[in-house]
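Each of the two complexes below includes chain A, the first together with chain B, the second together with chain C.
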Partner chain A sequence: MSRTEQQGRRVFLKKTATAAAVAIAPGVMLHALPAAAAPRVEAVSGKIRWGMLIDASKCADGCSDCVTACDKENGLDLVDMPAGAEEALWERQRPRWIRQVKLKDNLSGKITNLPMMCQHCEKPPCVDVCPTGASFRRADGIVMVDRHICIGCRYCMMACPYKARSFIHAEVAEKLTHTPRGKGCVESCNLCVHRLDNGESTTACQDACKHQAIVFGDLNDPESAVSRALKKYPSVQIRADLKLNTGIRYSNV
Partner chain B sequence: MIRNRSIMLFLAGAMLGLAIGPGNAFAGEAVEGTAKADKLEQCVEPTPVMRRNHFEFIKHQRDLTVHQGIRGSKHSLAGCIDCHARKDASGKAVPVNAQGQFCAGCHEYVAASLDCFSCHSAVPGEK
Partner chain C sequence: MKKIHFSEWGIDSPRYWGMLAVLGSIVAIAGGAVYYMEHNGHWVTGMTNQVVWGIPHVFAIFLIVAASGALNIASIGTAFGKKAYKPLGRLSALLAITLLAGGLAVLVLDLGQPGRLLVAMTHYNFKSIFAWNIYLYTGFFAIVAVYIWFMMDRRMKAWYKPIGIFAFVWRLLLTTGTGSIFGFLVARQGYDAAILAPMFVIMSFAYGLAVYLLVLMFAFKADGRELGATLLKRLKNLLGVFVAAVLYFTLVYHLANLYGTENHAYEAFILKDGGIYTLLFWGGWVLVGGLIPLGIIYHPGLGNTRGGIVAAATLVILGGFATVYVIVIGGQAFPMAMFPGKTIIASGFFDGVNGQPMLYAPSLPEFLLGLGGVALVLLLTFIGIRMLRFLPATLSDEVADPHHAKP
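Presenting the complex of A and B:
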C-alpha cells in the first residue's frame, strides 16, 4: 500500500470518528480506531518489534507538531510548573518525551532538524543500570518504566546516551487514565503503547507530522511500511558505535 | 474475627451511604445513584469477594498490563474508577479518592493508605 493510500484511509477513519464523536457528545473526540480494534488480551510477543524511520530531510525548521501532539497524547501538557520555580530551569527540566534537535554543519552551514526520543534499543543501557528492574524492555521492543517499581534514582537518565528520559519532580494534579504520572518517577517515550495495546497501529507524533517524516511499524515484518522504507533508503542509528541496535532509525542526518 | 465482622458491617453501611460525606475542592457534591455501579447488581466478582480481595486482583493485573500489554482484563483500576465514580449536580465526575467517595470512604475508616491516585487518575478516562 502506498503512502498516499494509507493517508487516505487515515483521513477517512478520522472523519468517520469525528462524525461519530459529534453524535455522541460535543467536545468528545474519538481516536481513529481500526475496525478490529480491541484491548489486548494475550501477552505481547517477540514476533513484533516496533520501530521507526525518521527522515530528517523532511523535518521542517521551526515545526514542533510532533512534540505538541506527544505532549497532548501523553498528558505532558498537564504537568504544571511548580510554584516558585525558575522559568528557565523549568524549561530545561520539564518532562518531554521528544526533544527537538538542531544540527549545524560548520563547514557548509547546512542545518538539519530531527526529533530525538527514546531509541528503544535492543540492548538498552537504562535497563542495564536499573537497580530495581523498573526500567525494562517489553517483548515487542518497547523500552518502558514500570512506575510501580521505580524508586526515582535516575541512574537510567545518566546511562541513556540519547538524553531521552525525564523525571517528575513534583506531584501532578491532573493525569490521563492511560498515562499515570506521579512525583519521583522517571519516564520516557513508550511509542504510544496504550494505542498499540488497544489495537491501533500509529503513534501520535506520526499522525501529527504533516511532512510525513516519521514512518512507524513492525521491524520484523518485511512488508511493513517501515521495513520497506528501511530497505529502500539509507539510514543510520544515532551513536551506532555503542552497538545498541536501536529501534528508531534516521535517514538524511 | 469480631473486629473483621465489624469492619464488614461498616463496609456494608458505607456502600449504602457513600454520598453522605462532604464534597471536595475539585467538583461539587456527589449525587447518589450517578455512578454506573449504582445501577448494577454486582461488581466483576460477588460483592463479598470484591470487598476482601479487590487489591489482590489489581495487584497482579497491573504487572500483566505494564509488562505484557494486557489491557482487556476483567480486573483493572481503570475499570473500578469508570464504574464507581459518582457525578456532581453539573455532571462532572467526582474523584473516587475524594473524602467520603467510593475508595476513600472505607480506606479512611480502616486507615489503609490509598497510594494509587498519586499517579493514577481518580476520575473516569477520556474516551
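Presenting the complex of A and C:
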C-alpha cells in the first residue's frame, strides 16, 4: 500500500470523525443541558406541603384570567376541537384544569365567585381508587397523574368529589414539553409542578390574578404568605365533611 | 333419578355455522366500532368529562353481574346439594365464563389506553377495588374452569364439592367487588352506600338466572332435547324469588336515602323529575324488570307456559339493563353536591348550573361495542356446547326430578 493511499485514509477517518462529532454533539448537549440547569438529585420531601388560600370576596365576577393563564401555561389552549366534532358536545369533552364557578346562597341570595380546581387532598379519593397507582400524591402534597401508567379507566373521575379531572378525548397535535398529554389519559391541575420543580414558587393562576385572590405557598412553613393568611382569616375546605384535608382552602365563600 | 348423560349440541351444521356467522359478524362490527373510537378518541362517543362512563359500562357491568349469577345454578347443585340442579351445572359454569369474558371485553376495549392492559396487570394499588377486581375476575375464570373440569372428570369426584363451594364464595366476593365499585365512591350522592354491594349480588342472581333460562330453553329446543315442566317450574319460581328480592333491595336503598334530607334532591331526581332516568327507573327497573315478570311468573296460567317463562326472563334482562343504566349513568348525571346550601348559577365546566343534570346522549359506536359483548357471550357459549359435553341429553321430569313419581 502506498504512502499517499495511507494518508488519504487518515484524512478520510479524520474528516468522518469531525463530521460525526458535529452531528452528534448537539444531541449530547441537548441531553446534558437540562440536567445542568436543574440538578434534581433529591426526591421531593414531605417537609413542604404546597397549598393555596383563595379569597372568594376578591374573585371578580366575569373575570377568567386564572383560567386563561392556566390554559396557556399548561398547553390546554393547544387542544383543538377535532374536525367534525359537534361544538356543544366538545365543550363538555375538552380538558379544563381550573374553572370559574358562580354561586348563589339559597337563603340570603349572596353571590360568590370562585375558581375550582383539584383540591390536592391529603387523602385523595382519586388516588384510592386508581387501579394502577397512576393517580398519586407527591410527598409535597401535589396530586397528579403518571401518564405512563394511566390506562384511561376514568375511575378517578368517578371518585373525585370536586369534578376536577379531565379525560383527553382527542389526539393532541401540539403540546408543551413540560406538560405532555396524550389521547386516552386523565389529567388535572398539578399546581404548575414544572415551575416548582425548577425552583419557582408561584403558579400561573396566582400570577394572573390581578385581584390577588390567590395566595400560594408552603402550608408547612409558618412564615409563608399562605400560612400567615390562613392564620389570619377564617377559611373553609370544600366538602369538609369528607375530611380529605384539602391543600386548597377558601375564605369568604 | 336416573343417571345423567351429557352430549354435544346436535343442531344441524348449516344452522350452527349460520349462527356463528351472524354472531361473528356482530362481534366484527363491534371490533370496527372499537377501532373507530380508539383511533379517533372518545370525542366520537357521547361520553364527556361529566358523564365519564357510558353505554359500554352499562353493558359490561350487566354482563359481569350476570356472569356471577349464572354460576348460581351450579352452586345450588354442588354447594347446596340440590340434586335436581346437578345436571344443570355444566352449562351454568360455561355461561359464567362466557358472560364474564363478554363483559370484560367491553370494559377493556373502552379504556382510554386499552393497549396498556399489561400495565394494569403489573402495577397494582391495592386500596383500589378495581385492582382487587382484576384478581377477582381472572381468579373467577380459573376457578370456574377447574370447576367444569371436576364436573366432567369422574376421577375428580372427591374434589367436586369443595371446588363448588369455593367457586360459590368467590362469586359472592366478585359481585361484592363489582357493587363496591359504586358503593365505595364517597363523592356522588347516588353511590356511597354499602347496600349497593348486596344489591348487586341479588341483581346477579336474577339476571344470571334469566340469561341461563333463555339459553337453556333455546339450546334444548334447537336440538330437540326434552326439558321437563317440573324442572322449568322450579327455575321460574326461583327467578320470581330473585326478582322480588331485587325489588326489596331497591325499596330499602331508596327508603334509606329518603330518610336523610341530604339525599332528597337525588331521590327527587331519580323518582320524580329525572326525565329519562325517572322513566327508566319506574318503567324499566320496577315495571319491566320487576312487577311484570313477577306477575307472569306467579300467574296460574301464564307462569306455567314456556312462552310466559321466556317473556318473564326476557323482561328481567331488559329491566336489568335499565337498572344498570339508572345506577351508572343516572348516578353521574345528578350534579355533585359541592356547595351545600348554595346553587351554582354559572360554571366554566358544567357543574350542574341551577341543579341541571349532566347531559349524556349515547352514540352508535358505544351501542355497537356493547352489543358485540353480548354477541361474544353467545358465540363462545354456542361453540362451547357444540364442542364439549355441557348439555344433559335430556332433562325430562323422569330423569331430572328426584321426586318424580314412577307411573
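To be clear about the criterion, the second predicted complex is superposed on the first by the 211 of 253 C-alpha atoms of A that agree within 3 Å, B and C clash if a C-alpha of one lies under 4 Å from a C-alpha of the other, contacts with A are read in each partner's own complex, and residues count from 1 in each chain.
FYI, a residue touches a chain if its C-beta (ideal position, glycine included) is under 8 Å from a C-beta of that chain, and two chains touch if they have at least 3 such contacts.
Values in this document were obtained by computation on a predicted structure and should not be read as measured data.
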*asked:* I'd like to know which partner A:230 touches here: chain B for first, chain C for second, both or neither.
replied: neither
*Does chain B (first) or chain C (second) touch A:191, or do both, or does neither?*
neither
*For A:183, decide between first (touching chain B), second (touching chain C), both and neither.*
both
*Where does A:40 make contact in the superposed view: on chain B (first), on chain C (second), on both, or on neither?*
first
*Answer with first, second, both or neither: which of chain B and chain C does A:125 touch in the superposed model?*
second
*Once the structures are superposed on A, label A:155 by its partner contacts, choosing first (chain B), second (chain C), both or neither.*
second
*Would you check which partner chain A:138 touches, where first means chain B only, second means chain C only, and both and neither mean what they say?*
first
*asked:* Between chain B and chain C, whom does A:76 touch in the aligned arrangement: first, second, both, or neither?
replied: neither
*By residue count, is chain A touched more by chain B or by chain C?*
C
_In the overlaid three-chain picture, which partner chain does A:175 touch, first (chain B) or second (chain C), both, or neither?_
first
*Please identify the positions on chain A that touch both chain B and chain C, taking each partner from its own complex.*
171, 183, 185
*In the complex of these two chains, what residues of chain C are touching chain A?*
38, 40-43, 46-50, 52-53, 111-114, 116-117, 119-120, 123-125, 127-131, 133-134, 181, 184-188, 332, 336, 338-339, 341-351, 359, 361
_Quick check on the complex: what are the chain A residues that touch chain B?_
28, 30, 38-44, 136, 138-140, 144, 146-148, 171, 174-178, 180-183, 185, 193-194, 196-198
*Given the complex with chain A, which residues does chain B contribute to the contact?*
62-64, 66-73, 78, 81, 118-121, 124-127
_Under the definition above, what is the set of chain A residues touching chain C in their complex?_
64, 67, 82, 85, 89-96, 99-107, 111-112, 116, 125, 127-134, 149-155, 157-163, 165-171, 183-186, 238-239, 242, 253
